[in-house]
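Step one of this worksheet: look at the structure below.
The chains carry the letters A, B, C and D, assigned in the order they are written, with residues numbered from 1 in each.
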Amino acid sequence: MSTNLQTETGPDVPAPAHALEVRGLVKHYPGVKALDGVDLVVHQHEVLGLAGENGAGKSTLLKALVGLVRPDGGEIWVRGEKVRLGSIGDAAAHGIGMVFQEQSLVPNLTAAENIVLGSEGPGVRRGVYRWNTMRRLAQEQLDKIGSHIDPLARTDSLTFADRQMVEIAKVLRIEERTSHPPVIILDEPTSVLESKEIETLFTQVRRLREFASVVFVSHRLDEVLDVCDRVAVLRGGRSVGEVSAAGAAPADLHRMMIGSTGADDHYHGAAADRSDEPGRPRLVVRGLTGKTFRDVDLDVHAGEIVGIVGVHGSGREDVCRALFGAEPTTAGEVVLDGERLDLSGTRAACAAGVGYVPAERKIEGMVGPMSVADNMTLTKQQSRCTGPLVRPRKQATLVDKWIERLSIRTPHRGTAIQRLSGGNQQKVVLARWLVAGDVRLLLLDHPTRGLDIGARSEVYRLMRELAAGGVATVLLADSLEEAIGMSDRIVVMSDGRATTEVAAPAGSKPTPLDLVKEMV
Amino acid sequence: TEEAAGGGSATAAGACDPADVTLVGQVRNESNPYEAAWLTGGDAFAEQVGLTQERLTYDGDSTRQQEQISQLLAGDTECLVMNILPNGDSDTPPIVEGAEAAGAYLVTQWNKPADLKVADYDSWLSHITYNGVESGKQIGDALAEAIGGSGGIVALQGILDTGAAKDRFAGLEESLAANPDVELLDDQTANFSRAEALEVTKTLLTKHGKDVKGIWAANDDMALGALEALQQAGRTDVAVVGIDAVPDALTAIEDGTMTATVSSDGPWQGGIGLAIGYCVATGELAVEDIAPDDRAWFAEQFLIEQDNVTDFVSPEVDESDFACDNLFSRSQGAMS
Amino acid sequence: MSAPVLTTPAADAVVPGRPTVGQRLTSFMPVIALVVLLAALAVADPGFLTQSSLTAVARTSAPLVVLAAGATLVVLCGGIDLSIAALCSLATVFFALWLPDLGGLTVVAVVAATGAIGALQGLAHVLLRIPSFIVTLGGMSIFAAIALVISDAGPIRVVDRDATNWITLYVGGVVPMSFLVALIVIGVLALVLRLTPVESWIRATGYSESAARLAGSPVDLVKVAAFTVSGACAGLAAVMLVSRNFSGSPTMADNLLLPAVAAIVVGGTAITGGHGSLWRSLAGALVVTLLRVGLPIVGVPSAYEQILYGAIIVAAVALTLDRSKVLIIK
Amino acid sequence: MTSPAEAGPEVVHARRPQHRRGVPLRDAGPPIALVVIFAVFAVLSPGFRTLSNVQNVLDAAAVLTVVTCGITFVLMMGSIDLSAPGIMGASAITVALLVANNRNDNDFGLLGVVVAVLLGAGLGCLSGLALVVLKVPSFMTTLGVSAVGLGLATLMFAGVQPNISDALLEGWAVERFLGLARLTWIALGCVVVGWLIQRYSRLGRYAFAIGGAEEVLALSGVRVAPYKVAVFTMAGAFYGLAGVLVTSQLGAGLVQAGRGYDFSSIAAAVVGGTLLIGGRGGILHSAVGVLLVTVLTNGLVQIGVSPYWQGGVQGLIVVAAVAAAVIPQRRRNQVTK
């Protein structure tokens, strides 16, 4: 690895030892070398970015740093001292704390309890809770990040973003638990946040740099370059190099991540060659009303991608679910290709050629312990059956084809999907709707959440391909940029109503600002 | 009688070497005094003839009883002697047929469907029971007398689908007919269980209050549960009767808190069934020689009240009761 | 300013995964547990390992196998069926009552009736969204009450044995017909699962109901079907019990509930759903039967028998449970 | 603490972001059902609405309450516990043999009670240890421990019923304070203690959290295993105490002292709103559930429902009550196990 470390943006006084150093870390899983001799250095008072494709081993490396993954080989040094981290407690004792990629709060406890969980300190005296103290401790943490959450609110009553804030507040308790400058690890903390919340988070990260080191993972490379001092890149479980953030561009990072100078086909470029066919829309929604939305009208033509944007709580997600029959409606009519769409249940929707990719992959999108193949063919059983009988060969051929086509990184089609990295999981979930080739309307809720830039481009390409094949797509994008880049038309929702529609043909895309104006 | 076993050739019926005989006693569980005493009696008999008794319990679970029996009969049944307490009436026929098919010597006690005739079988040597109608009537009469011949009583029934429970209750009804001034206020089942009897009695006491003058229980366990309920309700004016003569009931009768019970002699029951089987297996008694009246018979029983309770406090098993020529000495006649 | 430093491309980390020897072994654990237990019993009493003795075990286990097989489907879906034993008791009463009128058709009628009752419970579960534990707990007491009332709280003798005679026969003089029927039930159910998409629907439902539903799996249908099969199995087990006892009784099978659920768990099926299989329940039912009848027969005293039963059954599960499939043990 | 809410063990369930404090309607279901059922019986039966019958109901609920206090914590963790019959049997015999009795010369009084409760705790600890060390599901470990408890009880029983003559223990069942038996006050005490544990102790809150998201606790550096063992131990202690109470009621130590309490306590807890998936409900819920079940049992006898039908009617009412409670919270993609 490179030794020409540049610390232009770091502190001037060199620290006595690295805050954290990893040497030749190895971790095998059955069929996978998740870590294949990783080297990594984290300096004092720096924000280190970690970039890499889905499945490159980022999460595994970070989990090893907090004692959750026991490495098969290699060394971890903390402040010049070799350590063995057997548990998350060990790591905390060395001042290392982490915010996990998958949210990790106890839903039926209060935010306060979650924040102090495992390190209650004066909040618990001889096994007895002191609620006032606990509340105060939690409030201190929340104040640090300027969050206005009620510490005694139950966590499952908070929004996704608020919960992420709770997680950050929680990890900041490391400060109180160690006398050393802590190392704080953030594994994709931004993937579920809105831009305003991301800004808050970055402010925190910059504040942390004053007294701590931060390791930051995100697939939004511009973000990484924005907040980090230095970025290390992993590929296939190995360190492949690092750059100083100051002068690098996302494209440089991307090139290192994928190991070639392949074109970074970002969404902005393409979108051009879609043939606009007018005529009757494929999907016609009139006056759709449910618990969280009212009188929604929506038209989507075959081959068109319609983005729906709105602030959190605008009800767009529920509209999608309603169209899929997963959320009850009280009024309105939905017509797909001239036929009334049955909204009574998900099965009817599937049969009618509607597909839905939910945002909460882990709970709603995939069946963790089941194999990649079974997950992929779960919906379209006909794709692997002859009559009522399952044909394993037919399934194998089909699944292998899609694994290849979407370059899904999995040891085998029989591997449990929960062993795949998040991005690869998402590809499998998406493939589920494609295997039969009969989907007419695709509802995508944050389909690129947690995907690396390469996987993203592939999903984008796939969406375009599908659109070109005549599939009508409704997209709830991960970011406004994505919505603008991908959509042919954008519907703005606010307060449960579809308020405005903005055309976004290739060449004359609206700016994010145009949309934000409409959203609020 | 301790001669070395002969060859392995099939032994003709009734010609088992005494040392080859396997003695099996099966009751519901060892965790209630009456049935524990039964098994102890079986052990005592086995010791008397230089053998040991194999003790089986099925935890009051009919299915499990059948399973154990069929497993037992799948083994060596040549000189097998079984003294069985069937869980309910309906459990007897499969046991009998299994034993008949396997050629094992069987004595059953307490439960038997009325239309199943012991004399129709060769291996089923005898069925012994106490006359439940009689015992139910005896304690019913004793209760009527204790409450002065008139007043309300409540009845605690046993497990509803057992012959014992039905007969005993029929006895109570006879007694009620003979004592027209005694009124049956309520009858509930407490499944022969002390704990259930406690709860049921409490509820009945609040429901009928002072009208309750006596409690008729189909066995002593329930009677003891009822006594606890009375004590907790602070009632000392209620007479209680039961059946079985378990030690605690005898103590209660001695103390005067309970009125009467009827003896069932557990240790004797545990021994006598094995004894009959042993005598037939060893050829000392031929099945044909058992009088038809002794194939299904009522054993002798006594009404126990305060004046005679001391005679029953420590039941003695008399070895001579189990002699092959004296097996049926306690018979009170054939089952009707 | 540093230029990005590229090193050699990473080696392909993907190699095909095949089950290791250890994994294979875990999937055979239920059988291993069964064999070990049998060997232990044979050591305690060599007479136990005779053909007639094993035949008796097989015959004894048949109703339990059938009960457990049906309930396994419900457990795989992530639910539980506590009503099987009470329903089985009720079915013995049905059988005894209907036999005089229906003759040879009684078996079919009873199985159909219990299947319908099972379906009813399934419908209550999916339509009213009541947890299966509650539905079937309620079902348990309701069936017990119905059985008591229609039987007049007593056993009903079955005089005409022709209708059940076939089930008491021995195939080849060795294999009890009832056990064979149990094996056929397991085999047919397992084949249906394996050859059709039903298996992936059931597993998906058991592992993650919401994901299964959003993938368009017929979650409700699968659950109702599982309860139906569970009910029908209870009916079939009742036929076996009646053929064995020559009577139907309102409480006959009540004590088989815990052994049946224990059989499922001892087989290594996860009580939380998703992971498990029917043949595991077969092995589990045989282990439980061996414990129920074997321990007392080889001469373990009653009190120690219970202690041993408790210890062995826990040890058996410790052996059979595939912990790589069940991440959190509740 | 806020109220329990949200069915489902999911870690991240992002729907319905509203703050919920105070008692939401769904938690009011069981208490409302209790009041309604009580009122119906009171109208139907004059015997039911007497003061003495109300006392009787409360007294009758005592043992079940204590058992349910124990099982509630286990259910809150998402585990299950079937060990009550065995543990209660063992502790019933133990206490009967340790206080003044007819089998031996022991007269340890309160110490005997303590030993019996400790025995219960020990057996409960055994289930917990088997769960965390052998990784055997609690369904099985507790079933096994129940069998072990019954075996121990049968060994100690040894064929002769131990009858107690201990004034203290007998007094619990007989003597009354403010119209209720001492046993009932003890049960009430258990509810209060249970509530304090649930609300103010780390053990109680962690039990709750384990039911909500066990894996997350591990991610927070909490070692879950000791808490699980502790919860089973505590439950065992409650069962032990319940065994003592049964002995005090019956005046004798019975091996079958706990028969049937496994399912009836689970049913009571569940009816009260402590769901089996864990992370929901609590002691107060369970107490309401116990009252509901006891009122039903008593009321059905009082209005003269045939003993054959009582179980069935009870089952129907329980299902109907739960159905009525869940209907308002039905959702399309709701998980019902």
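Going forward, contacts are C-beta pairs under 8 Å (C-beta built on N, C-alpha and C of every residue); 3 or more make two chains touch, one makes a residue touch a chain.
Since this is a predicted model, take the numbers as computed values, not measurements.
Two chain pairs, B-C and C-D, are compared here, and C-D has more C-beta pairs in contact (counted per touch definition above).
Annotation: 36 Å between the Cα-based centres of chain B and chain D.
Rounded to a whole number, the gap between the C-alpha centres of chain A and chain B is 73 angstrom. Centre to centre, using the average C-alpha position, chain C and chain D are separated by 28 Å. In chain B, the residues touching two or more other chains are 29-30. Residue positions 10, 150, 154, 215, 333 of chain D are each in touch with at least two other chains.
Among the residues of chain C, those in touch with two or more other chains are 148, 153, 210, 213-214, 302-303. Which chains touch which is summed up as A-C, A-D, B-C, B-D, C-D. Interface residues of chain C, counted against chain A in their complex, comprise 1-7, 9-18, 20, 194-197, 200, 203-204, 207-208, 210-218, 274-275, 325. Those residues of chain C that touch chain D in the complex are listed here as 78-79, 124-126, 128-135, 137-146, 148-149, 153, 209-210, 213-214, 258, 261-262, 265-266, 270-271, 273, 302-311, 313-315, 317-318, 321, 323, 327-330.
Of all residues in chain B, those touching chain C in their complex are 29-30, 54-57, 59, 61-64, 66-68, 70-76, 88-91, 93-94, 97, 113, 160-161. Every residue of chain D that touches chain C in the complex is listed here, in rising order: 10, 77-80, 82, 86, 130-131, 134-141, 143-148, 150-152, 154-155, 214-215, 263, 267, 270-271, 275-276, 278, 306, 308-316, 318-319, 322-323, 326-327, 330, 333-337. Put simply, chain A touches chain D in their complex at residues 68, 87-89, 92, 100, 102-110, 113-114, 117-120, 124, 127-129, 131, 150, 152-154, 156-160, 162-163, 170, 313, 321, 325-328, 345-346, 359-360, 362-364.
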